[in-house]
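Structure first, then comments.
Chain lettering (A, B, C and D) follows the sequence in which the chains are written, and residue indices restart at 1 in each chain.
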Amino acid sequence: MHISVHKIDMASPSDVSGLAALIDAGTVDPANIIALIGKTEGNGGANDFTRGFATLSYQLLLAKHLAISPEEVGKRVAFVWSGGTEGVLSPHATILTRTPAQGKPDGSKRLAMGIALSGTIAPEEIGTKRHASAVADAVQKALLEAGIDRPEDVHYVQVKGPLLTPASIADADRRGVTTATRDPNGSKAFARGAMALGVALGLGEVTQEAFDATRIAGDLGVYSAVASTSAGGELVSCEILLFGNSSRATSPFRIGHAVLIDAIDASGVRRALASAGLTLSAEPTGEETSRIAAIFAKAEASPTGKIRGHRNTMLSDADINYERHARAALGAVIASLTSDPAIFVSGGTEHQCAPGQAPIAAIIRL
Amino acid sequence: MHISVHKIDMASPSDVSGLAALIDAGTVDPANIIALIGKTEGNGGANDFTRGFATLSYQLLLAKHLAISPEEVGKRVAFVWSGGTEGVLSPHATILTRTPAQGKPDGSKRLAMGIALSGTIAPEEIGTKRHASAVADAVQKALLEAGIDRPEDVHYVQVKGPLLTPASIADADRRGVTTATRDPNGSKAFARGAMALGVALGLGEVTQEAFDATRIAGDLGVYSAVASTSAGGELVSCEILLFGNSSRATSPFRIGHAVLIDAIDASGVRRALASAGLTLSAEPTGEETSRIAAIFAKAEASPTGKIRGHRNTMLSDADINYERHARAALGAVIASLTSDPAIFVSGGTEHQCAPGQAPIAAIIRL
Amino acid sequence: MHISVHKIDMASPSDVSGLAALIDAGTVDPANIIALIGKTEGNGGANDFTRGFATLSYQLLLAKHLAISPEEVGKRVAFVWSGGTEGVLSPHATILTRTPAQGKPDGSKRLAMGIALSGTIAPEEIGTKRHASAVADAVQKALLEAGIDRPEDVHYVQVKGPLLTPASIADADRRGVTTATRDPNGSKAFARGAMALGVALGLGEVTQEAFDATRIAGDLGVYSAVASTSAGGELVSCEILLFGNSSRATSPFRIGHAVLIDAIDASGVRRALASAGLTLSAEPTGEETSRIAAIFAKAEASPTGKIRGHRNTMLSDADINYERHARAALGAVIASLTSDPAIFVSGGTEHQCAPGQAPIAAIIRL
Amino acid sequence: MHISVHKIDMASPSDVSGLAALIDAGTVDPANIIALIGKTEGNGGANDFTRGFATLSYQLLLAKHLAISPEEVGKRVAFVWSGGTEGVLSPHATILTRTPAQGKPDGSKRLAMGIALSGTIAPEEIGTKRHASAVADAVQKALLEAGIDRPEDVHYVQVKGPLLTPASIADADRRGVTTATRDPNGSKAFARGAMALGVALGLGEVTQEAFDATRIAGDLGVYSAVASTSAGGELVSCEILLFGNSSRATSPFRIGHAVLIDAIDASGVRRALASAGLTLSAEPTGEETSRIAAIFAKAEASPTGKIRGHRNTMLSDADINYERHARAALGAVIASLTSDPAIFVSGGTEHQCAPGQAPIAAIIRL
């Protein structure tokens, strides 16, 4: 396996010119694209349509190049968008291509990816252990596809899956079955939590016994350190993008990860880069930062209402959602080290690291 | 002269319990307080009343202790509030006291402060060269009061002064005189700019000739590197708080400053601390950060719409004012180095450093 | 009893000049003021400090006039503020004074008021039936004080009381008792709902049996048609302001009420005015609207997500809280009939009318 | 000429199912569609991408039905979107079709439409008299196309055209020509104003002499009473949609208009409906409101800061843009009369009615 990583800036949610140029220059073969992960300049909330607009725009571009329909593009390329470029965050997309190994692997561990889909998650399963188990099964498949033998070589697992909608709750009602909650917005925490727990089970971060004993979105002390999950009303199954390092890959990249203890944990950012093989100087040099291909992180408000002992007002601000505050803060901290504000920072960390903590992964050029 | 610096957290804009405790413990003598600089959890905009609420609350506390009226407190203590604790910024107040030198100065340069008032600025003068000249004169007085001989020993000059209001424009109309602009909100840039240019003139950062040739809020390439100015509709004169180091002071503090090239300039934060005598490690230790008594900085959006070559969306966000984005970003970057989110970060940098750049000052314990 | 109603505009949350002028002119005797109900220009959320600022400002004014402390003013005058002047709503205060009957009552029903306090509500009682029962008892006392014999003569009952805070939950934990919820923000619905149910019980709108069978914030089909409740973290007991008509009163005002079926129910506004004795023309005349002394209403989002069959986006807007949308809409509809945007419109209607509906009361000059 | 008007609700900016159903049912022939005017649930600001998403979505639907490219759809159908469904406003689209007269005209005046494009407006012309003149010429062409002989039979002229962007200002710089302003956001007022003045000139609402003497965005006392203009960075020429009544039309609709004196002018709404032939009862009946096919209005903040003598806070709110407050208020007032919140209300009224006033047009079924 050979993975390539290309990051392009976007002038608007529908700006696909960066990818078009890479394709026209022959740098990227559209047939090899397996995933696209990016940030759009929406608000990141329920009424953020920049994600859908970006997906449609890229589907139309690829449909033209591949001579297939936009719907078919949607089936072969995974799109992961996070809305909200608060503070310095910059709208962009990271394009991932996968081809067979180029030459003989040299035995060193290099970037590998596996992608897997769960089956359909029924409304009554969303946010439950069955939702989590379906993700765990798909994680196993993705591991196999990635050619990664040891779960500790996995550094980032991005999962998108369904949440409850008024329509799916009504469907459950018609069939006389019970859902995890009756509140569509409230189901986000259950869905994200279930999928993160599923990653933890699939990778062996928790035992089956611990998994069975854990209340989803309740026992937040049980978690995955590498899961990053998001839930959307338009989905019916779960899509797993698993990133790790494999000695069978020939990619000129390596991935690593760390845990951020709070939104100003510069040390955690340095640890994630070091985990992938890049040790930053006190004042990072251009040579160092040019080796950073992509960073994926989650941002979270402090559950105690304090950061390093001082009161934080994110959760009581009625004008700006706390996720926007958290992304603005963490994004700037990361960019202050990497000199690059085109970073993927998203929100919501149920069962993704300990409460108040958050995962961060980094892909480094070799 | 002997200056003391005390920083207290605030649970709300009217929470004066931190200062009350310092007074009750005998740590702070209310009679020695000359200024209070802080952040409140408002939006920082025209309808942010948390600043006025905080001022009234502290005036009532000090009025009780000093047995004078709140109005009299307002005359002897300078209150400088910036609204908006975006991202990780934490509501707090820095209390500054001034007493005669304690013992014989040891010859080293230590924190000194001068405070001066301009005369009344007429509506037709606001945002003009006469406004600027009045500030320049007051800066000279503050320098003298601070016992600072060389302008290069000045590291931070906080100025508050009047802007145009519908009432003051109407007054000018009645008297048949012209104002710098007829737009009250638009007058902020003129007022802040005039006051910053006044600081530059008062400290000799610009010559009288260059000053005369500069269009206020127009020729932004002419600026002060240490001014931090704000304008409010409730003011009729300018209040100057000048901070520097003097060999005649006995304060256990030293101040330094630097220029931030953008909102993620961690290196600039390190330079400001180093300028005051504190060199941070790559990963700052608790011993190092405990020496930081206060940080004052301005945050600004990039005028080019780009940060380190990547597009920034602060200026096109119709939901969140760009000043809030900029404060969130810079506040988090500073706190990621100091481990303390109780930092004074405010917005608006006309003639305060080059366009897109911003001043930062740091007070260090000796 | 003789009630007078004075409405003053406010230039800011701390602007008390309107009341000062009424006192200076002898129109209002500060000793007779029993309550002040108003709107401030905050955001109406947890971080809206304009309410506290307004209260402190009026307390300082009255303290000076009555030669008592601001705290003592707080004990003798009820302050009810709602933050958020969205759309056309205008910041103002309605001042209510109470004196003995002036001359002999003429037998007609005229505005009367009763004010009562509950005892302290313990954290474990907040949002429970005991909270509701305490309100019901206080409503009975207020009825008596108002001299109103029949509950159907009551048209508006404003209740303020405590919600759960992190501090009060911690206190309950220490004492080993359980609270209605562990989520401070979530406790608002329980507290408002309990107090509204308490009004319904106190006025006989629900029987004791129905009351006992009702789940607070759950069975929303059980409600009061005249309660308007709000909850704040700074309160420990409930304050009841009961408005109705009494044949023993000599006030030159009468109050009426109606139920708004949605946020555009102009017909409901007309019904409330008619209930108080004022029938508006199709296009209301100045003579008609000049008779309106005050309007108090609640605004609510549609629980179905639809208004008159068309989709509404209030609940999915991540930038503007739905309460702000609802107040903007209803406030404009009322003002379009009364020609006066200084109206009291607040949010949150648990057990206050049927779901999606809301109470409105009007005081008319006779 | 025969114009048909169909209004459909939208579940999201990309929801085209309403129009798809009308096409599938044979109610609407996609080949006859000339324009689509609607509201999307964005914020209405510079970063509102819901408008572009909606346009692309409808273009894809029509491209499929007409077997042409989305770009070609863009050339034959005019799309006018206003972002922002504040308060009760409901996302929707009004679809306008045009076919030859059906049978012999009966001599009564019925809905007619003309559509015209100006030539390309160069950057240095944007917001100037040349921009306005180009619109005036296109208005004349549209009048002719609509078959309307007398300008007083024109009731609504929707114009979209270019504003200045950083790119177009740079282009002007390269060519050594001057633009109306150097501030892209500030150019909105100039562009909207120029286009509205162009409508006024084209319809003879102002004379050529008065036009020549008017400063665009300066002399706001000169205006059109029927223009509604918007400016977008993606446009290079102006598109004019002119609505009026013609005795040569056979449409089962008539249009009328009025001027709203402020955001709560219910009387103005009634006048607009009456102008089209529908007199509403004091409490409008379902029979009456069912005759309303579409309403187009502009909402504006009061330039005096007061509404009916009471202070308004729209312009000082730093959290919510004043256009959002104004749309929320006016939308609710209109819906309170029509029982239909799917109304087109947009913002920005330079040279569109007198300052603070705004145009409203109504299409009524005959």
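Definition applied: a residue touches a chain if its C-beta (ideal position, glycine included) is under 8 Å from a C-beta of that chain, and two chains touch if they have at least 3 such contacts.
Keep in mind it's a predicted model, so treat the numbers as computed, not measured.
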Original post:
Among B-C, C-D or B-D, whose interface repeats A-C's (more than half the contact pairs identical)?
Top reply: B-D
Original post:
Comparing A-B against A-D, which pair counts more contacting C-beta pairs?
Top reply: A-B
**OP:** List the centre-to-centre spacing of chain B and chain D in whole Å, with centres computed as mean CA coordinates.
**Re:** 46
Subject >> CA centroid of chain A to CA centroid of chain B, Å >> reply: 40
Original post:
Among the residues of chain D, which are close enough to touch at least two other chains?
Top reply: 41, 43, 47, 313, 316-317, 319
Original post:
Can you list the residues on chain D that touch chain A in the complex?
Top reply: 12-14, 41-42, 47, 49-50, 52-53, 56-57, 319
**OP:** Provide the residue numbers of chain A that touch chain C in the complex, in ascending order.
**Re:** 43-48, 166, 305, 313, 316-319, 321
Original post:
Which residues of chain B touch chain A in their complex?
Top reply: 9-11, 41, 43, 85-92, 263-267, 270, 280-283, 307-308, 310-314, 316-317, 319-320, 324-326, 328-333, 335-337, 339-342
